[in-house]
Every structure is written in C-alpha cells, then in structure tokens.
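Let me give you the structure first, and then I'll get to my questions.
Going by the order they are written in, the chains are A, B, C and D; count residues from 1 in each one.
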C-alpha cells in the first residue's frame, strides 16, 4: 500500500475542502502489474455538478480499462479526523465489489482501514439489477 | 408508522426498477403534527440526471419547509429482497441527522428497520463542515 | 403567468446563492386545472449531492403525477443579472419537451422569456433513446 | 483536430448507449504541448451515479493538472444523428470557458462544430459566483 502522503493532491480549480484520493487497479489476468490512479475534487459553479476525488479516481481508472480495485486511500490536508468518503462515492466504489479496502487517513499520516462493505452495509450493486 | 404498502408509488415517467419512498417530517415545535411526503424515481434520458425516490421525498419535504425527519420507508414492487437506499440517498438523508429510522420493505409487506447511522457508518455531515 | 415575485423562496437549509423556482403543471386532459409547484435549492455537506431549485420543482411535480409543463419561472434575491438555470436543470426540464417557456427574472421583478429549446439547443431527450 | 474515430471507446462496464469523448488540454504557457484525454461512460447500478464520457474526460484532465481546453470531440457507435452532450456535461465544460469548440460526430465520421456558448447560451460560470 502506498503511504497516504503520496496520494495527496489539491484541486487545481479552487478546492473548498476535501478529499484527494488514490486507487490501485489490478488487472484480472495473471502477470499484470498493479496500477495506481489519483483523483481530486473537480468543482463547478453549479455545486451539484462537482465531483469528489474518489469518483474522479474511479472514473479515470475505468476509462483506462481497469475495473478491478484492491484498495483506495483518501487524504486531505484539512481537519483532524480520519477523512471518510461521502455516500455517493461509496456507491460508485461499490459497483466494483464490496470486499476491497478503503484507507481513511489523517493529515498526520495515521490511518484506519475499512472494507467497502463496512462503509456501505446492506448495499446493492450491479449483481442485484440482474435479479429483477 | 405507516405500513409500507401505503407508500408505494411507481414513477409516472416509466420506472425501470425501483424504490418509491415515503417520509415523515416532524416540525421541531411542540404541538405541530407530523407530515408525510411521498417520492418516486424521476428518470431522465441522461441517466445520471435521474433521481431516486428517497431524494425526491427529502427534497419535497425541504421545499415545503420541513427539515426534521423521524422515519423513511422504502418500498418497491420488484425483487424478493428488502429494498435498500443507494449511497447517494443515504448521504442526502444524513444531512438531517443520523439517528432516524429507515424501514426497508419487501413487496410482501415485511420489513426491517435500521438507523441511518447503521446504513452509513463513519459518515460526515453538515456539522463537520463547520470544523474546517 | 404568475409574477416572479410569487415564486421566490430561499432554501430553509442555508442557501449559498441561488435559484428558487416555480413551475406550472398542466394535466393532459381537457378540463383539468393548472397547478403550480415551488422548489428551492436543497444543499448537502457533500456539495455534489445538493440539487437546484428547478430540479426540486420538477421532481415534486412528477411525484405528484404531473408530467406536462407550460412554464417555469426562476427567481433569486441575489445578483443584478437575469438568473439562468444550470445545464443539468435544463436537461431535466428537457425530459418534458423543448417548447415550454422559462422566465428568467431579476430581483427587481423584470424578466425575459426563453423557450427550453433556446436554452438547450441541439438537445436530446427521451424520444432519442427510442431510436437506438 | 483528431478524427472522431480515434476517440471512440466503449464503456468497460457495460455501456447502454452512448458517448465516448475525447478532449484536448492546452497548458497556458508558451511552449507546452497539447495533450489529449479520453473518457467513457462510467455507469452504476444506481443510474443517477453514472457519469457521461464528457465529464469523465474533463475530470481526468483536471486531475492531471490541465485546466484549459481547446476542443472536445464526442463520438458514439449508435444512432444516425450527430451526438450531442447532455446539459450536465455542457455545464461542466462551461466551467472552463465558453469559447471552445465541441465536435459533434456521427458514426460515419462526419461532424459539425459548435462553440460551448452555442450549446449552452445564457450560461453562468465561476466568474458569476464572484459577483454575488
């Protein structure tokens, strides 16, 4: 796992508050190497069209053809609490399984690790759409 | 609490799959009566601009001046599992506290109850913005 | 058409800047009376989960069973320009046709009127999904 | 400008219908070279959490530090009309000015060019937030 410090990035378009993110994609196949994508908040004058760093990182990875994730680390330079993803980001992450790890960090570099299933219990995902 | 059956409503604009919602708003003051709002999925040709029933119900309540919620019940006429809110809806609900109840129902009328804190643990809300 | 002043409403949950909205729904049938819905911005600690007043108004109307719109008026108590809807709201409005009117107002009560087609030219809507 | 064909990419997670996108970022400075980012639709079991290719491309570019854009081309392998961006994508693009070009293509490789201002007239952007 990368240290959270590596993953930090503030938004180039004027960040209000939070959550640079990083993520590792692992190709399904045997010998492929792991890859890391970074995201940042991308904001908009129409606030509801902004997007959090976690979703940016996921979308980048998907658009590069990576659809399997092993871990995401979330970092911020504000606050004294462990930073957590919003519910929308948890659902976007959930699309790719619920057993991968999310590293919640503090600016001092300490962190805790939770599975996505712990962060979004009783969730639904793409496999549930197939049922209906 | 109302029975889940009461809260059911399918989208008038062609529902694909899920989650009519209902919600009770309780004014802060002493003698005011409780109120119930209903929502439904509102879909869009651009899928990402659709919105789930839970958010519709919350937004209706807010636009009518209700900002305190006691419970929400979610119902669907599809599937055999208890229906659950997506992560985005959980975050929108979280804006109004984490100690209120969410009734997850099945088409057969059975249900389980979870607090919002159980559905979105380790969450952040408007009180956390004030810290930074 | 109602005067824009009637439609003004600030968000009960702490508005940052903008756009109370109002909307008239007209049932398809012959003798049915017109109806007006009001919306307001509904914000969230996770900015991207907030929603503009225009979408709130549309979603309310849909959830009440109204799917045909004749006009929307948008008002704000800030700024000296005619207030305009964001692109996301224009697309949500587009779902219900492109020939209805949008009243763009100023705090002084003056306004201009544009059709949705003028605000979102070269648009796509639900009828285009059927083609593919 | 790249040919639209180059920019085509279908979503790795099961595209329903539309709009791979590509985009060129140009650094402000003198001698820097242009760069091209590609996006794709990134979908979600909760439809409203999906995101269009245009926004994915913008978010990738921003997260890589590029904030000035010269043109975007949008391509799809479906339909016989010129593909157009949704209103939400137009607003996200608008964040970075209104005088850049959007290439709307057909599967047969023909295209038309519109400025963002033509696609989202009477728009507001980050400079308008500063006024209030």
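Keep in mind that, in the parts below, a residue touches a chain if its C-beta (ideal position, glycine included) is under 8 Å from a C-beta of that chain, and two chains touch if they have at least 3 such contacts.
From a predicted model like this one, the values you see are computed outputs, not experimental measurements.
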| task | Just grab the chain with the largest centre-to-centre distance to subunit A, centres being mean Cα coordinates. | result | C
| request: Sort out for me whether A-D or A-B is joined by the greater number of C-beta contact pairs. | output: A-D
| Distance from subunit C to subunit A - Cα centre to Cα centre, in angstrom | 33
| task | Please work out the Cα centroid separation of subunit A and subunit D, and write it as a whole number of Å. | result | 23
| remark: Touching two or more other chains in subunit A are residues 43, 45-46, 49, 51, 86-88, 91-92, 94, 124, 128-129
| query | What part of subunit B is in contact with subunit D in the complex they form? | reply | 16, 43, 45-52, 86-88
| remark: Residue set of subunit A touching subunit B in the complex reads 17-18, 78-82, 84, 86-92, 94, 104, 114, 118-124, 128-129, 131-132
| So in the complex, which bits of subunit C are touching subunit B? | 9, 11-13, 38-40, 42-46, 49, 51, 53, 55-60, 62-63, 65, 67, 88, 91-92, 94-95, 124-126, 128-129
